[in-house]
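Paired with chain B in one complex and with chain C in the other, chain A is shared by the two complexes that follow.
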Partner chain A sequence: MGANTSSLVSEDIEEMARESNLSPREIKRLYKRFQKLDRNQSGSLEADELTMIPELAMNPLFPRIVQIFESVNFREFVKLLSVFSESASEEAKRDFVFRFFDIDQDGFVSSTDLIEILLMLCGSNLTQGELEEISQLIIRDADMDKDGMVSYDDFCACDSLGTISQLCQISLA
Partner chain B sequence: MNASGGGDDAEPERDPEGQLELRAAPNAATEPEVLPQRQPSLSTGGRGTLATGGPPGHKARSLRDAHRDLLTEAVASIKDVSDVGFLDDELAKDRFKDAINVAIEVYAKQRELDRVLTDVPELKLSTLVPYLVEPVESIADDDFNKCFESLESEPWNWTLYMYPAWLVGCFIRYVVLFPARLFNLIFATVLTVIAVASCKILFAGNKQKREHVEGLILTLYAQAWVASWSGVVKYHGTRPRMAANQIYVANHSSMIDYILLLGVHRFAVVGQLHPGGVGLMQTHLLGSLGCIWFDRKNVKDRDYVRKSIAEHVARADKPPLLIFPEGTCVNNEYCVMFKKGAFDIDATVHPVAIKYNKLFADAFWNSRQESFFAHVLRMMKDWCLIADVWFLEPQTKRPGESSEAFAARVKQLIAKQAGLKCVSFDGYLKHVKPSERYRAAIQTQNSRFFRAELQDMRGYLKDDESKRNSVLWKREQRNHFLRALNQDERKT
Partner chain C sequence: MGALFVGAPALCATACRAPRRTHCSVARMCDVKHDAAGTKAVVVLGDLHLHPEAPRMAPFHTARQEILRALADLGVQQSDAFLVSVGDLGAYGIAGTSASFELARDFLRSFGLSYSVVTGNHDLEGLDEFKTDQENLDAWGRVFGPDTDTLTTLTEGLPVFRREIPGSDIVLLGMSTVRFREARGSSHEVYIDDEQLSWFDAQLAKCEMEGKRAFVFTHAPPMGAGLRSLQSVHVKNMCAWLNHSSGRRRRRIFLQKVKQHPCLRLWASGHFHLSHEFEDSVTLVEGRACFLQCGVIGPESSRDGYRQTRIILTDPSLGDSMKMYSVNHHDGGSLRLDASVVGQDSTAVSFALEHYPHDHVGKESWFRTFTPRPDDGCVLEPVQGEDVAAARADKVCWWHTSSGSVLGVHDGMVIEYDEETLAPVGLVMTAEELAGRDVFWISEADALVINPPAEGLSVEVLHPNADGTFARQYQLNKRYRIETKRREQLARQWLTTHRKELEA
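Up next, the complex of A and B:
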């Protein structure tokens, strides 16, 4: 009984709970989940292990998710998922979303980044022209300083209503 | 015992193309029941998905069909008045045409039904956010694996007075009950092996007689197994009988399902052939029942199985055929997709619902975690196994009903009786990766949304006031229509 959480000592739980603003209960649940996903018990998640979640493997954004979640250990796993908890700050959520879109990691969400995301989402169903038009429209909406790219500041400025953080909530309990 | 493919009796019949018939709506996380007949409708993370809140089902489906029929009719009659000359106002004409087009569009794209759009067309970074939340959500928790999770035991014994009680219980279970049960089972096994072997010699010339007697012995043997778990099994409904053209289908949690049923009546089962000791029992002990064994991974076996099933079902002197259409062990809380193989054959289907009470023992065989013998021994150390088995009213395919629809209907009956939650996942996904086709289907549907939104944006961004209004009006109509429809569905 309780064998599932035996290797996670209570100090660790408390520390992680403090770091991530989650409750110890949620940490324990995530630990069980992590152990289930980490089939070979290596302590980190491999792409193959992520594929074993059918819903995830079918998701069009799976390649991007793998880039983010591949080879994370439990501590990082908690850190990533805690962003989507109710108690996580708006900044943390925005930061995650921004980094998610910024595929080439140059600090800007450019039209190349967006086209890549749209290509994942829609496959080859949209023409190059449509892809460009859509990405231009998305950038134009957020590009406050009109330099053709969305910087982190632009991104925060256009999200004054907090829509992003409203959307980024999942249940971890 | 093998751990990889092992563990599950499986239903062989699946067409190679559609082998991964997973029709799950990731968005239906809160409402796992998905229309069984709906085509791989993977509703992506559009905003405000109304339909997922409602309880879809057959009624909702037929309502939707009825709506569509009415509309098709309406549209057809309007085409006769092709110039819409009966409207004087130009704007009214446009709007009328638009309204019809919207309706057609809605019905042409089933999946789009779920999405309520924003009033004003928009393409923003926030439009993309739900698409990224969705996969993260399935990392945190996914519906598929929930179907195959063993019972979590909550510690209850860590109080001063419970602890001694628990110790005494442990002593009884491990030191008194377990050896006695194990001894009984071994004794019964030895007796059965001797009896079956002597049958083979005694009735060497009379095959029919031999099979009959062996069947009786096996029924007794199955009862010895049930006794080894102190099984308290209640059987409800009409007991099975020998007859031609009948198939018994049941939900599946463990190989012991078969043992429970074998305790009431002889059954021939269709299932995965296991290596090792289980395999020996399958081929030698159960040989006389005419069970059909196959290898799930071997495509060639499918034709053989299909033929054998048909041959078996046609004969009245063979024990009734038992099939587990889920094709894999589920944890007895959910009911995954029924594969259509058993429902393709023109036979009366007798649904059997099996529900285990998890108070004292978890009967789910998680083949990833434990071998079959470990599973059986574990239950022998538990207090007892409580189960209900319902033999439900026989069902036949309705005129015009497809095999898939029939399978789904029988599944509903079983799930309802056993109190299981219906999900539409294909249990085979436990063993194989989902095919690329599913992702492609989602991508096609996503692209429809983005293209439609782009077109609206183009119209909306024009300087033309009437163009802009017509876009807004179209969206308003569409959303109004969807909301009404979704409300209707929820009522039924």
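Up next, the complex of A and C:
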């Protein structure tokens, strides 16, 4: 299957099912949804097409979600969403959430990353001082090796109860 | 069929505007004698915003008496008069609640006339009482359904109304906004969904087939109605027109229906809280469809000091003509003929009053829309070759972008206009943001360049949004704002708790 999503053959479905944690039925359902969203039939999702999902358009983290999902083709779309499947591993879910917070993609969740997320969640009503204080307190709690940033290992250590795995789950059936 | 605008007799205009203390004398000077037999009237109530406190209800009870007296002056039997409320029933703070619906229902019933109602944006604002827009709408339907058939099987479960006026060729059609919490942009956009649009199509087709005239009622007007007086806040927040924030196709669809259906002869709306005093508060589109802006009764709701109600009068002896009156509640209920629409072979609108200039009161509180015309003072000053044009904030200037958007500098603001109707869509820069700066349009880059107000500051470049538009979303959905506020409070609480832990 190329960029164009005008058809989805059974070989594609089977291959994607092997690569993801999704069943062929779930993939077929996602494909129908993807085709509806891809209004210009370009084979990939653009920001304005993503805003057509009301639940997403109202999500405070929408700008970050768009950064991750924008321009994805169907194969990438399946891969991204498979993380939210019940059968996806705890590690895959943690990895996705960590990458979600690591906005500048430098391998660490820094104060700058957290401030950006806080701004999306709380608007510009918190003062710069409050934003910095909150981000520093979060890092102080999570930063096991005390290097001022949250590494992937720090992040996993914070999630010893598996909370991320429980929250990072949506029904794709 | 062409439109012909005829100047009104100055004597009548002067007489109509003169303050009056007695009832009906001025109305009679304005030639409002009608053959009582067969005369039908539709009373259109603008945004009510009722509050149960007796002193705040008093002006509405007075207004009701004034309206009923006006109908009597016009020779209309009560059984031949129909009442339509275009929504926004409850006062700010109680809007959208069950109590506000019941209060409005009792008020509407008190006229003793057959009535219909549509929702306005504030009628779905009962955020504390209802979780979803549908729950809110259902509560509205439970209150008004028994009287008006709205949201019942008779209206296909839709928040609409269809009412045929007996003994006439007139059908009243109303459609409601159905989205507040789920609005993509401003919660105050008046949004008509696809189900209602399909119903509307079917109703208009039926009117065409049966040779009837359709009078349409919605809370906000459709884009392209030609109404040129509106509050700037509605442009800034992109909630002036029906489906304003829902993309080009959805906001243009209404005018397309006007063009497609010659039977559509009148469209009345409220929403702006502005009076009937302005030029273009009555307009004619396609030479036959009359658009009416309806004012408000409540002193707290009026934005320009005038308090008015519309009466549309039809008289079978005059063919398919109609007359538009104002009941001036700010002037003891005086009745005034505003305009006549004469149908038959050619359609003419005769304005029966000299309109006040747009800036006669509180100019800062509203916005007058402009359409590019050779005589509107448009200035395009080439700066560097043909691709660059510049304007100062105090000039009027227009640009057509390659993506089809139309931008204009007007009244010190940068405004985006719809390229098809040239109605204002939204603000790109406010007057405060633009003050003292120059604007350059770089057509090769499809970008606006704003000069800094002082030396040493950097030049600002405004690029189009992802969909090719330039208008900025200044107001977010209300539920979104409330939830953001809640998260802000949680963050502050979390901070306080952690500070205490640190201190301990």
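Everything below uses one rule, namely that the second predicted complex is superposed on the first by the 167 of 173 C-alpha atoms of A that agree within 3 Å, B and C clash if a C-alpha of one lies under 4 Å from a C-alpha of the other, contacts with A are read in each partner's own complex, and residues count from 1 in each chain.
As a convention for this text, a residue touches a chain if its C-beta (ideal position, glycine included) is under 8 Å from a C-beta of that chain, and two chains touch if they have at least 3 such contacts.
Keep in mind that this is a model prediction, so the values were computed, not measured.
Superposition note: with chain A as the common reference, chain B and chain C are in steric clash.
Put chain B and chain C next to each other and count what each touches on chain A; the higher total goes to B.
In the superposition on chain A, contact is made by A:60 with both chain B and chain C.
In the superposition on chain A, A:164 contacts chain B only, with no contact to chain C. Once the two complexes are overlaid on the shared chain, A:152 sits clear of chain B and of chain C alike. Look at A:33: by the touch rule set out above, it reaches chain B but stays clear of chain C. With both structures placed on the common chain, the touch criterion links A:46 to chain C but leaves chain B unconnected.
Looking at the shared chain after the overlay, A:121 reaches both chain B and chain C.
The clash between chain C and chain B in the superposition falls on 184-192, which is one of the stretches 4-12, 58-66, 184-192 or 454-462. Shared interface residues of chain A (contacting chain B in one complex, chain C in the other): 51, 54, 57-58, 60, 118, 121-123, 125-126, 130, 133-134, 137. Residues of chain B that touch chain A in their complex: 22, 24, 26, 42, 44, 47, 122-145, 153, 155, 157, 425, 429, 433-434, 438-440, 442-444, 446-448, 450-451, 453-454, 457. For chain C in complex with chain A, the touching residues are 182, 184, 466-467, 477, 479-481, 483-485, 487-488, 491-492, 494-495, 498, 502.
Those residues of chain A that touch chain C in the shared complex are 46-48, 51, 54, 57-58, 60, 118, 121-123, 125-126, 130, 133-134, 137. Across the complex, chain B is touched by residues 1-2, 30, 33, 36-37, 50-51, 53-62, 64-65, 69, 80-81, 84, 97, 100-101, 109, 117-118, 121-123, 125-126, 130, 133-134, 137-138, 141-142, 150, 155, 158-159, 163-164, 167-172 of chain A.
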